[in-house]
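These notes open a run of structures that come right after.
Here chain A shows up in two complexes: once beside chain B, once beside chain C.
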Partner chain A sequence: MAAPGAIAEVTEAHADYARAARRNRLLGFGKGVAAYVVLTVFAAIALIPFVYLLSPSFRKSYELLTFPPQWIPHSLYTGNFHHVLHGTSYPRWALNTLIFAGSVTAVTLVIDTLAGYAFARLRFPGRSLIFALVIATLMIPTAAVVAPLYIMISRLPGWTHSGVNTYPGLILPMVCSPLGVFMMRQFISTLPEALVEAARLDGAGEWQIFRKIVLPLMKPAIVVLGIFTFMFQWVNFLWPLVITTTDNMKTLTVGIASLQGQFVTDWGVISAASVMTIFPMIVVFLIFQRWFVQASMAGALKQ
Partner chain B sequence: MAEILIKHLVKSFGKVEAVKDVSLRITDGEFLVLLGPSGCGKSTILRVVAGLEDADSGEIVVGGRLVNFIDPVKRNVAMVFQNYALYPHMTVRKNIAFPLEMAKKPKHEIEAAVRRSAAILGLEEMLERLPEQLSGGQRQRVALARAIVREPQAFLMDEPLSNLDAQLRIQTRLELIQLHARLGITTMYVTHDQVEAMTMGHRIAVMKDGVLQQIGTPQDVYRRPANIFVATFLGAPPMNLVDGTLESVGGGGWRFRGQNVDVQLSPEVLSPPELRHEVEATGNVKLGLRPEHIRIAAPGEDGGLPGRVLFLEPVGSDLYLTVEAGGGTVQVRTDPDSPLQQGENVSLLFDPWRVHVFGADGHNLRRDAPSVGAQPALAEAAS
Partner chain C sequence: MSAEAAERAWDELTLSPAEYRRAGARYRQRRSVRAYLFVVPYLVPFLAFLVVPLFWSIWLSFNQGGLLDSAKFIGLKNWRVIGADTELTTSIKNTAIYAAEAIFLVFTLALFLALLLNRYRRGSNFYKLALYVPLLAPAVLVGLIWQFVTNYDFGLINVALVHLGIGRVNIFGNGTSALLAIVGAEVWRGLGFWTLYFLASLQNIPEELLDAARVDGARGFQRFRRVTVPLLRPMLLFAVVIAIIANFQVFDTVYVLTQGGPYLSTSTLVWFIWKRLFAFQQTGQGYAAAVLLLAIILVLTAVSFWLLGSRRRRRTREA
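Now for the complex of A and B:
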């Protein structure tokens, strides 16, 4: 039979263990709760502006100026949306934006992918210098080039009329982003060199290597750059503001801004137009969300 | 099928000279292994032959045609890469068909050729799979199928087995030997694995720092190494080296003296007259002994080199002993059932016929050892 002292020791150890386990469980639970609290705060910070935008779009103008401000509308008033669709050129602006953002995205993808391939895989004199120049253009703020760009576009030689209020004038200066070139170059650099060499030995020319080997493997990067470009151009404001003067050439951002009157502004209508503008972007992002993850994983997954 | 001739090849990358005046002749249907440590220039030679790198100087002749300025694809050689280089977005069928599609062959011809190649490598069942759905060994077979599908004049293989695990490597090695026996296509095979080199090559070309050290059959290179590098690079555990001096004795023989080592060498082992100058000029030499040529003296047997067992490494089929002797450590390959214990005093015996003696410049002074410049194959290729 064990000595009474030994039994006491064992019991004590058990009790110690039980206490430690309880502490551990509590701590784990506490950490979980803390994580949710922090995440909730950040989610709220991110979401509140959208809610704040959504709310007035469903309220009548006079309801907007009450104090204290109402977050939840009393009645779901859809008149603002009706007004946006029928009382303004919103459909035309949307079409313009679609053409503008779509064209810029398409051309950017072609140019950036080709340039990225050249910088990553081709050897030519001055490659590093030219690449450095391309990257250096990132440091020039858009606002600084708006005026010269406007002068260039409005006086483009060979054009029968000025580029102001035309699609080419709207689209061309926004085409090709240095960031996109950089991104494509980095992505192509991660593809195994042996793939290109194997294709070369298999008889593929430079163009075939690009089209049949590199391009299909770049799909995630292309989708990400495409979405980024499209979203950025969808809400681009400064250039469309400068280069469009007539109502039927305005893009959504410029159009919505023009709804703001000098003396009277219907915030309900502006909110409704903004909601209609943002909503498609959220949908696009949600659909292609998995591609973002894939693109960020691409480096890790190479063979 | 074709002969490959490399004449005085030089290739540098910036300031690094990767290949220094290498000449090689790979005869029609031969399996030549380029063996050497990482960075010795062996892969560079392969890439220059393939056309992926340009030679700084020297000639590459494939099938009697100078190919230095010919596009890779027109050289009609196929390369197998270490990491397979399969096109990840194409099925096995598309991967194999790719070279033929690039050559704009008719569809039915491509289909037949793909089926033939797939059959040779046992890939018929997986033609519709993507590379990521295959095991390492299967991927390597697809890479081989893609290489053979256009019936090249020569195969260039750049460490094709090094990404496989040990067991699969042995199996694939056998498959490669069989494939070569079946197709008989001239093959240049780059590896740093001496077992691959010994088992696969008709001849082995050993390289170090961009310089060809020796070329010969596996037995030649192993038994008659041209210099210390070749002697110690081939063989595991490597050849033992004992420092000492060489002096001539009466009757044309030689005597090697090291710490506790004193060996009489017959004139048939070392060549006498020309050697005298060399030894007198350079002084110190190294005695080389393969671990399998040393045995532990039985009790009562005397005249051996005294030593003490430091470590025992049983590897199943053999027992490797590290013995402190002759002023350094000596590795001995012995019977795995040997009752030896760590710390035990032993006496080492060896056959003076089996030793190699290396001069101060590292060259093997044995009479039957080749010297690089005098090798007929090289002289012929360089001419």
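Now for the complex of A and C:
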């Protein structure tokens, strides 16, 4: 039988504990609210410029200069979009971008998978030397080699005219990213070697092994490299800027940048062109989001 | 079968050491040829468009002209000239300041957001997606979108300032704020990427370590300071090097936002290279600056691999 005093002490301790727990819960709740407020603010900062971009694209350009600004347009003015489609070469730029980024991606996927397989699983003299070269050049930017590339392309042999303003001139120098080979080699190295050995013992040739055993297992890596390469060329600016001079051969990045005038800039048109460029990309992203995130993480080495 | 016949059959089946060696060599040769067939499709463009231009770039730095006409060898003159070229030193200084500001800001914010997302998982998918969206826009477009935030007449910042009764500021009117505007564009674009990157690294930290610290009575900040930070350090160092490499190439936003102005205050290394080369005058200095960029990137690449290697070495030592 405990003394009455002891019981009172225990009850008090209980009450203390309950109070502390309540305070902790309250504090935790407060912290949680604060955390979500902060996260929401940053999400808003990330998204608001895109939404804000919509407003001038549906207004006449001079209305941008009125104050206080009129966020919601009176009526939807579609003249900017009309101008982008008919007054500029926008459709052609979009097509060029698709051809450029698409071709670079297609070629890169083929040659990088093949080379990645060879570096990971095949033996040949000079393998480590060549691979060391690939590693060393992993992060060389276009800017560092842009002059020789320009000289090469502008005097491509076998062309009656130079490679400036041609698709091959635009595409070819961009297909040799070492990062893709590196990614592919790393991925293939993680595949169980026993699979390849088993196929080899069964009498499969190297090509058959690659085609029937390795390639099917590489699907995820190929998707990731594909998205990564496409995104990388889709945002490419310096090389298209250097190698295209005619309006018809520009890519979207170069074309839209050229809409910015020397003295007067039609911001309505620029915002319309930006909206047309970025919103389809956001839709594609929302559909394939999982892959996008993986691709950009895989590219952590480059970006 | 007689013993003699059996021996003959055996002899036919087996190879003498010399024959064996020859067969081995033949096999290896065939194997190498096949392997080369896999590598050559990549090797040709790799050599043609990366390795050769790399050495060519170095060679060009001793030349003048060459973009529109044929190059003329002038020895070390370019290097002597750019040594005294204040435009280049300014550009390099600007690039370094820009990179330092951008990396500091984006890393601080991204680490903070990653810690929040790591702790509060509910709904974190939405926040991750939202933060990622700016990354979809090419840097050129980010620059143009940024104009709608920073423009003197209609930028969000100035509209807000007028509403607050402060009055407009010309962000691109002075060098410090113009460079900060470019930093802002980069931070806005890169925040989502680095947040996801740090989040991935945080989720790699073994839960047991944090639990052990908690049992030992370490409070939230102590756990962060004594457990999380030391475990993140190698990854952070690597990320810093990668970010320096990426940020040293800043060009697109400079092109659309400031064109290097006012008075060279936002001229960066790649902007300098581009301007010297493709104005088709003073190309020699452009060549030399390109080699400088090449050297910086190569050194940083080596450092990043050294860091990766030291992390791996530590891990194997611990194992």
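One rule holds in what follows: the second predicted complex is superposed on the first by the 260 of 303 C-alpha atoms of A that agree within 3 Å, B and C clash if a C-alpha of one lies under 4 Å from a C-alpha of the other, contacts with A are read in each partner's own complex, and residues count from 1 in each chain.
Everything below uses one rule, namely that a residue touches a chain if its C-beta (ideal position, glycine included) is under 8 Å from a C-beta of that chain, and two chains touch if they have at least 3 such contacts.
Model, not experiment: these values are computed from the prediction.
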Quick one: chain B and chain C on chain A, clash or fit? fit
Mind telling me which of the two, chain B or chain C, contacts the most residues of chain A? C
Angle at the Cα centre of chain A, taken between the Cα centres of chain B and chain C once the superposition is applied, in steps of 10 degrees: 80
Which superposed partner A:M183 touches (first chain B, second chain C, both, neither): neither
Which superposed partner A:A204 touches (first chain B, second chain C, both, neither): first
Does chain B (first) or chain C (second) touch A:P125, or do both, or does neither? second
Quick check for you: in the superposed arrangement, does A:P148 touch first (chain B), second (chain C), both or neither? second
Regarding the shared-chain residue A:I213, is it in contact with chain B (first), chain C (second), both, or neither? first
Kindly classify A:P56 by the partners it touches after superposition: chain B alone (first), chain C alone (second), both, or neither? second
State whether A:I222 touches chain B only (first), chain C only (second), both chains, or neither. neither
Looking at chain B versus chain C in the superposed three-chain picture, what is their shortest Cα distance in Å? 5
Residues on chain A lying within both footprints (that of chain B and that of chain C): 303
Chain C residues within the chain A interface of the complex: 31-32, 34-36, 38-39, 41-43, 45-46, 48-54, 56-57, 60, 66-67, 109, 112-113, 116-117, 119-120, 123, 126-141, 144-149, 151, 153-154, 156, 159, 162-163, 188, 191-193, 196-197, 200, 239, 242, 245-246, 249, 251-252, 255-256, 270, 273-274, 277-278, 283, 286-287, 290-291, 293-294, 297-298, 300-301, 304-305
Please name which positions on chain A make contact with chain B in the complex. 192, 194-195, 197-204, 208, 212-213, 216-217, 303
Chain A residues within the chain C interface of the complex: 32, 35-36, 38-40, 42-43, 45-47, 49-50, 52-53, 56, 64-65, 67-69, 110-112, 114-115, 117-119, 122-125, 127, 130, 133-141, 143-152, 154, 172-176, 178, 181, 205-207, 210, 231, 234-238, 241-242, 252-254, 256-257, 260, 267, 270-271, 274, 277-278, 281-282, 285-286, 289, 292-293, 296-297, 300-303
Listed in rising order, chain B residues that touch chain A in their complex are 50-52, 72-73, 77-79, 81-85, 87-89, 98-99, 102-103, 131, 146, 150
